[in-house]
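Before we start, here is the structure in question, set down as structure tokens.
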Amino acid sequence: MKPQKTGSKQWVIPGGHIPFGTNGKEPEFTSHDSLSILNTSGKVADIELVIYYQDREPNGPYPICVEAQRMKEVRFNDLIDPLAIALDTPYSCVLQSDVPVVVQFSRQDTRQTANAIATMMAWPVA
Amino acid sequence: MKPQKTGSKQWVIPGGHIPFGTNGKEPEFTSHDSLSILNTSGKVADIELVIYYQDREPNGPYPICVEAQRMKEVRFNDLIDPLAIALDTPYSCVLQSDVPVVVQFSRQDTRQTANAIATMMAWPVA
Amino acid sequence: MKPQKTGSKQWVIPGGHIPFGTNGKEPEFTSHDSLSILNTSGKVADIELVIYYQDREPNGPYPICVEAQRMKEVRFNDLIDPLAIALDTPYSCVLQSDVPVVVQFSRQDTRQTANAIATMMAWPVA
Amino acid sequence: MKPQKTGSKQWVIPGGHIPFGTNGKEPEFTSHDSLSILNTSGKVADIELVIYYQDREPNGPYPICVEAQRMKEVRFNDLIDPLAIALDTPYSCVLQSDVPVVVQFSRQDTRQTANAIATMMAWPVA
């Protein structure tokens, strides 16, 4: 397979909001927001996330690395450096990559006795 | 961080419909439609929503303000001026901003004993 | 409010599939696929749907009319002329309008004891 | 009806992840990821999928054929040649077609006692 160069270098997710509370076994049923990032290029993607809030300064950058010809699933719950993302708090995410990638956003919400899921493509800027 | 100018000045959500009825503690489990609006620019975003219906004149504008470098989560349930949006009634929403923003639409439906969620990017026009 | 001209004249939904079976009171909990169509223009939108299947000829057109400055929510379950859309059967939908409209696709699935929902923007072609 | 030529020849789904575990009767309640592919053109669409992982080489191609003027629903669970897609494992999918098609991605998750669903348009590249 020939390495492809597919995607965009900046993606936005306006509607982050990690649900607070979990029913079911962890970690598979832990309520979470996540990113799925695909790097079809032939070189490593060095990525930075910046997190925006309703009532305080943006925070970041959160560094992520996706190898060439690999994808990565990242739970926002696991982003703790420079600052853990608070649960049950609205946030937005801007992703910047040095090579084109493709990004999907998903949520799992198990606050009640059966889980709920949602997904969408992030919004490509440039 | 240098302020960025990211997004579009007009966004459309055709399929609004606030579910009628709630199971669970309020306000976190209240059935609702919501907008998440990100303003990465260096100035305040003055935004107006217009709501379209199946069988009456469009209503609005509903003013919303998002500070520079901030996001805002807005529940349609809370829009009451000039007129509360009726529950269990289909509507569409057109959002107009004076600076570029990025907009996501979400729904939480707790009419039955476990919640359901859905989300998508709004549709950028201009 | 000045009438706006917003949207696209052709939209596609590849993944139609009306869930078969309902738990809860009808019609609000009936399992269904639906379209939400917004017409912000100053004239009536004359719309036609064509339905594609896995193993037979496309069917249609199904006519829909959306008044000027109005939206319309249409359940696929209610499309019966020229032919009712079978439940539990994959289909795709191509929508053609004579004025620009904006289209969202939604599903409600109540086959099990708590409902599930999903939504997305349809795909604009032209 | 005149055959139309609608869509894109390459589509990406970054966030594949087949849920592991099922509640309810199979196959209708089997947890799964799926693609819905619409071919409105007048000729057969010869399609190939390549699957990307977090920690090993991409796999494929998985061949799919969609007849002229037909759609096809494909469960990722059923893709077994050249290699079955593991359950509960993040993956991305790149779809390449020789004629323009339109592609939607869906998930059904019945790991808990009521099902959950999510859907989105795949991301068109070229």
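All chains are identified by letter, namely A, B, C and D, in their written order; residue positions are counted from 1 within each chain.
Note that in this section a residue touches a chain if its C-beta (ideal position, glycine included) is under 8 Å from a C-beta of that chain, and two chains touch if they have at least 3 such contacts.
Remember, predicted model here, so these are calculated numbers, not experimental data.
Enquirer: Test of understanding: which option in A-C, A-B or B-D shares over half of the contact pairs of B-C, residue numbers taken as the match?
Expert: Most of the contact pairs in B-C are shared with A-B.
Enquirer: What's the call on chain A versus chain B, same or different interface residues, using the half cut on shared numbers?
Expert: Looking at both copies, the contact residues mostly diverge.
Enquirer: I need the rotation angle between the copies chain B and chain C from a CA superposition, between 0 and 180°, in steps of 5.
Expert: Rounded to 5 degrees, the superposing rotation is 90 degrees.
Enquirer: Based only on mean CA positions, could you tell me how far chain C sits from chain D in angstrom?
Expert: For chain C versus chain D, the centre distance works out to 22 Å.
Enquirer: Which chain A residues touch at least two other chains?
Expert: As it turns out, chain A has residues touching two or more other chains at 105, 113-121.
Enquirer: Can you tell me, using the touch rule above, whether these chains form a line, ring, star, complete graph or other shape?
Expert: Its topology is that of a complete graph.
Enquirer: What residues on chain C touch chain D, complex-wise?
Expert: Those residues of chain C that touch chain D are 10, 12-17, 20, 50, 52-55, 57-58, 60, 88, 90-92, 94, 105, 107, 109, 111-123, 125.
Enquirer: Where on chain D does chain C make contact in their complex?
Expert: 1, 4, 6-7, 23-24, 28-29, 34, 36-38, 40, 69-73, 102-106, 110, 113-121, 124
Enquirer: Quick one: which bits of chain B touch chain D in the complex? Just the residue numbers, please.
Expert: Interface residues on chain B, with respect to chain D: 114, 116, 118, 120.
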